[in-house]
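Going by the order they are written in, the chains are A, B, C and D; count residues from 1 in each one.
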Amino acid sequence: MKSSSETSAFEEHESVVRSYCRKFPAVFSIAKNAILEDEQGREYIDFLSGAGSLNYGHNDPMIRSKIVEYILRDGITHSLDFHTSAKKRFLLAFDEVILKPRGYNYRLQFTGPTGTNAVEAALKLARKVTGRRNVVAFTDAFHGMTLGALATSARQSKRAVAGVSLPDVVRMPYDGYFGEGVSTLDFIEAMLFRTGSGVDIPAAFILETVQAEGGVNVASSQWLRGLSTMARKYGVLLIVDDIQAGCGRTGTFFSFERAGIEPDLVCLAKSISGYGLPMSLLLIRPDLDRWEPGEHNGTFRGNNLAFEAATSALDYWRDRSFSHGVAFKSRIIVDHLNAIRASFPAHVRSIRGAGFIQGLVFDDPRIAAEVSKAAFGEGLIVELCGPTENVVKILPPLTIEPIVLKQGLTRLSTAVSKVLHASLERVPDSVSCSA
Amino acid sequence: MKSSSETSAFEEHESVVRSYCRKFPAVFSIAKNAILEDEQGREYIDFLSGAGSLNYGHNDPMIRSKIVEYILRDGITHSLDFHTSAKKRFLLAFDEVILKPRGYNYRLQFTGPTGTNAVEAALKLARKVTGRRNVVAFTDAFHGMTLGALATSARQSKRAVAGVSLPDVVRMPYDGYFGEGVSTLDFIEAMLFRTGSGVDIPAAFILETVQAEGGVNVASSQWLRGLSTMARKYGVLLIVDDIQAGCGRTGTFFSFERAGIEPDLVCLAKSISGYGLPMSLLLIRPDLDRWEPGEHNGTFRGNNLAFEAATSALDYWRDRSFSHGVAFKSRIIVDHLNAIRASFPAHVRSIRGAGFIQGLVFDDPRIAAEVSKAAFGEGLIVELCGPTENVVKILPPLTIEPIVLKQGLTRLSTAVSKVLHASLERVPDSVSCSA
Amino acid sequence: MKSSSETSAFEEHESVVRSYCRKFPAVFSIAKNAILEDEQGREYIDFLSGAGSLNYGHNDPMIRSKIVEYILRDGITHSLDFHTSAKKRFLLAFDEVILKPRGYNYRLQFTGPTGTNAVEAALKLARKVTGRRNVVAFTDAFHGMTLGALATSARQSKRAVAGVSLPDVVRMPYDGYFGEGVSTLDFIEAMLFRTGSGVDIPAAFILETVQAEGGVNVASSQWLRGLSTMARKYGVLLIVDDIQAGCGRTGTFFSFERAGIEPDLVCLAKSISGYGLPMSLLLIRPDLDRWEPGEHNGTFRGNNLAFEAATSALDYWRDRSFSHGVAFKSRIIVDHLNAIRASFPAHVRSIRGAGFIQGLVFDDPRIAAEVSKAAFGEGLIVELCGPTENVVKILPPLTIEPIVLKQGLTRLSTAVSKVLHASLERVPDSVSCSA
Amino acid sequence: MKSSSETSAFEEHESVVRSYCRKFPAVFSIAKNAILEDEQGREYIDFLSGAGSLNYGHNDPMIRSKIVEYILRDGITHSLDFHTSAKKRFLLAFDEVILKPRGYNYRLQFTGPTGTNAVEAALKLARKVTGRRNVVAFTDAFHGMTLGALATSARQSKRAVAGVSLPDVVRMPYDGYFGEGVSTLDFIEAMLFRTGSGVDIPAAFILETVQAEGGVNVASSQWLRGLSTMARKYGVLLIVDDIQAGCGRTGTFFSFERAGIEPDLVCLAKSISGYGLPMSLLLIRPDLDRWEPGEHNGTFRGNNLAFEAATSALDYWRDRSFSHGVAFKSRIIVDHLNAIRASFPAHVRSIRGAGFIQGLVFDDPRIAAEVSKAAFGEGLIVELCGPTENVVKILPPLTIEPIVLKQGLTRLSTAVSKVLHASLERVPDSVSCSA
């Protein structure tokens, strides 16, 4: 890997909290669509995409030219929540390109430019509007790291560091949590809404339609519709955290379009700016838009470079060809993953996902870890997810060229093969050793 | 003001939570140092500076050329917490220009790029390291809007919308809270550390050395040293939230340099990128840097445009001339404000502040509101602060040209005069009416 | 009913919080085993038994003579947690008569003399010993009204009046909550102990083996054993709240004897003194008895009249004849209830219970309410329970004479008949009306 | 002391949580007014009085005859919240003897029969009626051990064992906390009610007018009136916890009569039954009596033996001679304590108290501990209090015969002399040793 002189600045000056760089210890310098280049000129194919923030790849040239132009003519960069021309362009384009064609009329709140901030705003608004405290979150959920969002997140190691109780959230089983074919909806209804259950009526459900960090768990459309119906039946709000699964990741702009539901609140972040620039949005059903002015705010909620980029990125959605391309390429991914699975049926438990988020599920987390490591050796960046980190998460840019995609998948196959063959060879040894 | 056609996009599509744009209802388009220009070509002098995010003005040309160059050569934009060349440059420059000369050896944590996220990280780390839950925050404090930071913030209207209890924080009186000459330190020590007080021993104090939103309340150096000594005596961490007062706002890079203290944790955001780009930092005393990898994370913690900008902005601090310029110009401000006060002793209660954050304190919040409004009519953007919003907060860019500064101050005088003369004329009427 | 002059003292001077007296508005004066007598000399058969506090009936003569003797020789009455002769007698007798024969070696903690106080002590100790915050409580549970115990109780109307969040408790489904034949154990294990579930590992389970207020829900022995095994597997403590179901109510001294389990902590109150005198106990597995002296205390934890009474009451358990008598008479109850059910299959959904706690479950809560009211008219005191109050709870003293028991059951039948015949007569009318 | 055979039953079978019996390791058997007798016939004078539960001494003969008579005629013992003749007698007598003559018209709520339960009920009602969460409690306060009451208590060791956060309570300085002559009222008003303070407006103040466990801290009448006025000014309820200081302990029935204030809610317990029997009361201003039926309940809230005893005990208050006797004897106590102080000015810091609760304040807690121990050797039971346990708390029955009182005080003097002379002799040695 890298010599210590290259990374010593990080070791000396940056907090030990840093994590991705431990697994992928290059010093990256240049990036273009799905290709990253490190300081030594080595190239990597990026199947992580900024944890879903780079659906349109690194440094999309169309967007790039727009923001450079904006900067050069001294367009206002930082504007709090002033009116700006850049924000106006985004508001109108988002309405025209995204909302109207889908029949939505959400109001947009520009929260602090992190996903967790959009989640915090959603939770506040849901509690304010309903006058209730309790919020339902799901097993394996991930919604962010600030205290309110953290309370809805499931990962134990992240929760423990809060150092305080994480109250006013009740946990319910996500679709499939009890195994295939077992609907969790009846359970949820009985636990939440039957008299005497002892669970306080919630203000809202908050959920991802595809749990990314949680292990690429895909809620069925039927389950999503059932949950939406239940929410309406009992006057509970439905918040979809579309931060990682939205902006086209699953093939449609919103991940919930496939289910035909209309959440009351939608959180967007990550890929919304299209260029990896910090930006977050909360979409609000108009009649729920009952904030007082400034009741939730944040210094960087007016990041105009991001607005310019986001407006430009919406051009991808002006016709259906982009969605079609995503669908086409996602079949390449799934076919390839299935081939891997077919080769190693004893180790690969399943393939699951939607569109451009796919999981290669191993039985043994150690194998998954070795695959990720070996892939990096092959020049591929691919991360793990799931509560035991046993799922290799395939998350390329939606804009990846088919040839690069295939190249990346080949590198993945090579990595899997190397690990599993080595593993297969090692296993007998270790067996004989212990014999 | 603006015709409805210009702002209708905001009214139709943006949430009612928007606030600054209600007071300053222009649609801004172009910005350059202290000058904002709206869509109709009207110019405004900016005495708000992105609520302290634009210490180096809008679109600083030196920084601008660096980020355009970075974009054009496809420097990696979004990088999670990967090592990148841009981050490395920032780490080394921050150490060389800021930390080393001041004798500090903090580790840097790149949190989610909002101030509130840096505060949340600081609170988590303080609780983790000490094993305690309770945190001390101060009267009139503002530390952010996500649930953990909100619990430490004092503004009632912001707290109420949480909709849940904000536990594990105890409130103590800030310096001067009981009036001039009354130290609050003895009180704090008695309430927190005397056996039987009934207040659980805290993990940390969190404070601003100058409370900006709280009304431009300046803690004395003596009080800061006393608090620091008390913290050390009882093994309690000292967290300085230098988000608004740091990065030179008070004349030195860190606001606490004047007191000669060394906090255990320092939160930076707002002006740290120098260009208004979202970026936040937590500075950590090395022996307290006990995070597990990824224990606190965030999608946008690797905002390389901000790193490039921040590195460039540090050039301002390579010699003392910048500080001297700030000191020189701050005297212009204070002199001007004192002149205003001398003209209207019956309405202006006091002038207070440090360096480039100054408050013109009115007795009557309605007068302050009218002054801000009248100033906007004169082409000056100046905001209010304080719990009753009776303080006009003077917060120009540190880089403002003296001539523009004086022009802005003149506009402020004009606004004050107009309001108070009108007020003076009105008052007798109303007196006679009630007679 | 009563003339207002008889009850006006209560209406004028007692808080409106009073409740039982609204349903049974006599002014009671004299009591003897299962018979209550009001000020006007009218007699009532008591099928409520002080909500389970009078397992040995009102004013048991054997116990009565002991406490009168104790009072007359000026035995110490109130003793904090001093050693007293009366407490010593109880400690030794409880060990000899109850613990030793059953193979238990619990330590006894005398908590404040209310059940809720024993529950609070159990929760504290479980959290202290495990170092965890979270506690698992069950649907339809009732454990008391003070804040810690209330958080584990399920009844919504009781919870709401807390006015604050009730954190650090997670709710799980009791045996049978999802219907007959559906074990909830797998669900509980998956929700609590699977990595990534998002539910913090609990300190303890707290449960009643028969939920009394919750509707006479009887956990199966198999479920209790399964839960006990799960608790041990994961190092979670098992707390049985035997306040209402213990002291022989189900036929054995502890309600959990039928399941052959050994809880880590057992809460006793209600009938433990045998005479209705306030007394509570926490039984502690010796190795968990890690309190510091006085860490949990209470002024009335040394109620020596109650100790004398409790020692005397233990005589009932010196041979098996008492249990046999309870079993014999409980068959009379069940047979009678089944006969009622057979007569009104359309209204009585089921009979359920264990020993001397039996529930007559109506489909319609209004019918149940009318039955209770009509029974009072017949001279029988019988209460409702369950989340919708649709269960008539049969809870006579264990010592009730068979003839009085039968008389009471006859009055119940009469009440049911009167209500349902009236109802049957009314129903066709209403049907025809709506036709 | 006792041989192990006498106390082995406790060591083997009772939890290690027991505390008083460690300091006073006799096995008590018989009690009469201020005299306790142990199993070996040794007599002790009781200056602890059941921690204030035995204001009328042990086994008051007048009350004794009433309860024996009640038991012998089978008066109902346990009655939930049914109307009973015994409760009616108490309601009417309490109104006639206590409330009416003092101009009060409180409603009475019979809570679970522990002081902590009355406090929990008061907190619930205050939060319900005001719709607010926050409650103000004071430094050094003690209000009970169940979770809601514990949150208002100050003793750190008791709080820590909760194992969870104790939210929704804010701590304020009691009268005198900052030293003599410093009123804490201005501070309290500024911290709670000034805009921007960051402390949420409370539902209630809860306080003892004399802090017993907290160290015999006596709030001045002026301070109590000031607090009461402040409460009314801001619509905050005033809850007086008169559990230890009430029922005549300070010379008047309610401890707050001296200040002429009328709290909104008053908690009574300990001596209310007059015989040490568990009983608690919440007095409620009639317009605040907004409970729903059964919203707060408890199994033992109908303890009729206690009602009978309490009614009988009220006879002490039918004329002023009882108060006069208390005043007369309290002068004997104070004079004697002052004499002790005069003899040992270097060790006794002060004498403080009101009526029959007096504190002998030592500088050194170790001296206080030795005095209590030596007193027990002399045949006197006297306890410590205060956050460092440096205060010897003098708490005899109000009914103590003057000759026994003087005898007890003489034993106290003897104990102090023995300890301090030994101490004085030791001190020079240790001084010379270290020289």
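Note that a residue touches a chain if its C-beta (ideal position, glycine included) is under 8 Å from a C-beta of that chain, and two chains touch if they have at least 3 such contacts.
If you're wondering where the values come from, they're calculated on a predicted model, not measured in any experiment.
Ranked by separation of Cα centres from chain B, the top chain is C. Rounded to a whole number, the gap between the C-alpha centres of chain B and chain D is 50 angstrom.
The distance from the centre of chain B to the centre of chain C, each centre being the mean of the chain's C-alpha atoms, comes to 58 Å. Per-chain CA centroids place chain C at a distance of 31 Å from chain D. Taken residue by residue, chain C touches two or more other chains at 133, 164-165, 167-168, whereas all remaining positions touch fewer. Taken as a graph of touching chains, this assembly is complete, with every chain in contact with every other. Those residues of chain D lying in contact with chain A across their complex are 164-165. Chain contact summary for the complex, chain C toward chain A: residues 133, 137-141, 153-156, 159, 165-168, 170-171, 173, 177-178, 186-187, 190-191, 194-201, 214-215, 386-388.
On chain B, the positions that touch chain A within their shared complex are 2, 6-7, 9-10, 13-22, 24-32, 36, 39, 48, 50-54, 58-59, 64, 67-68, 71-85, 87-88, 91-92, 94-95, 107-110, 112-117, 120, 123-124, 127-128, 131-133, 144-149, 151, 157-158, 161-165, 167-168, 203, 243, 269-270, 275-278, 282, 284, 289-300, 303, 305.
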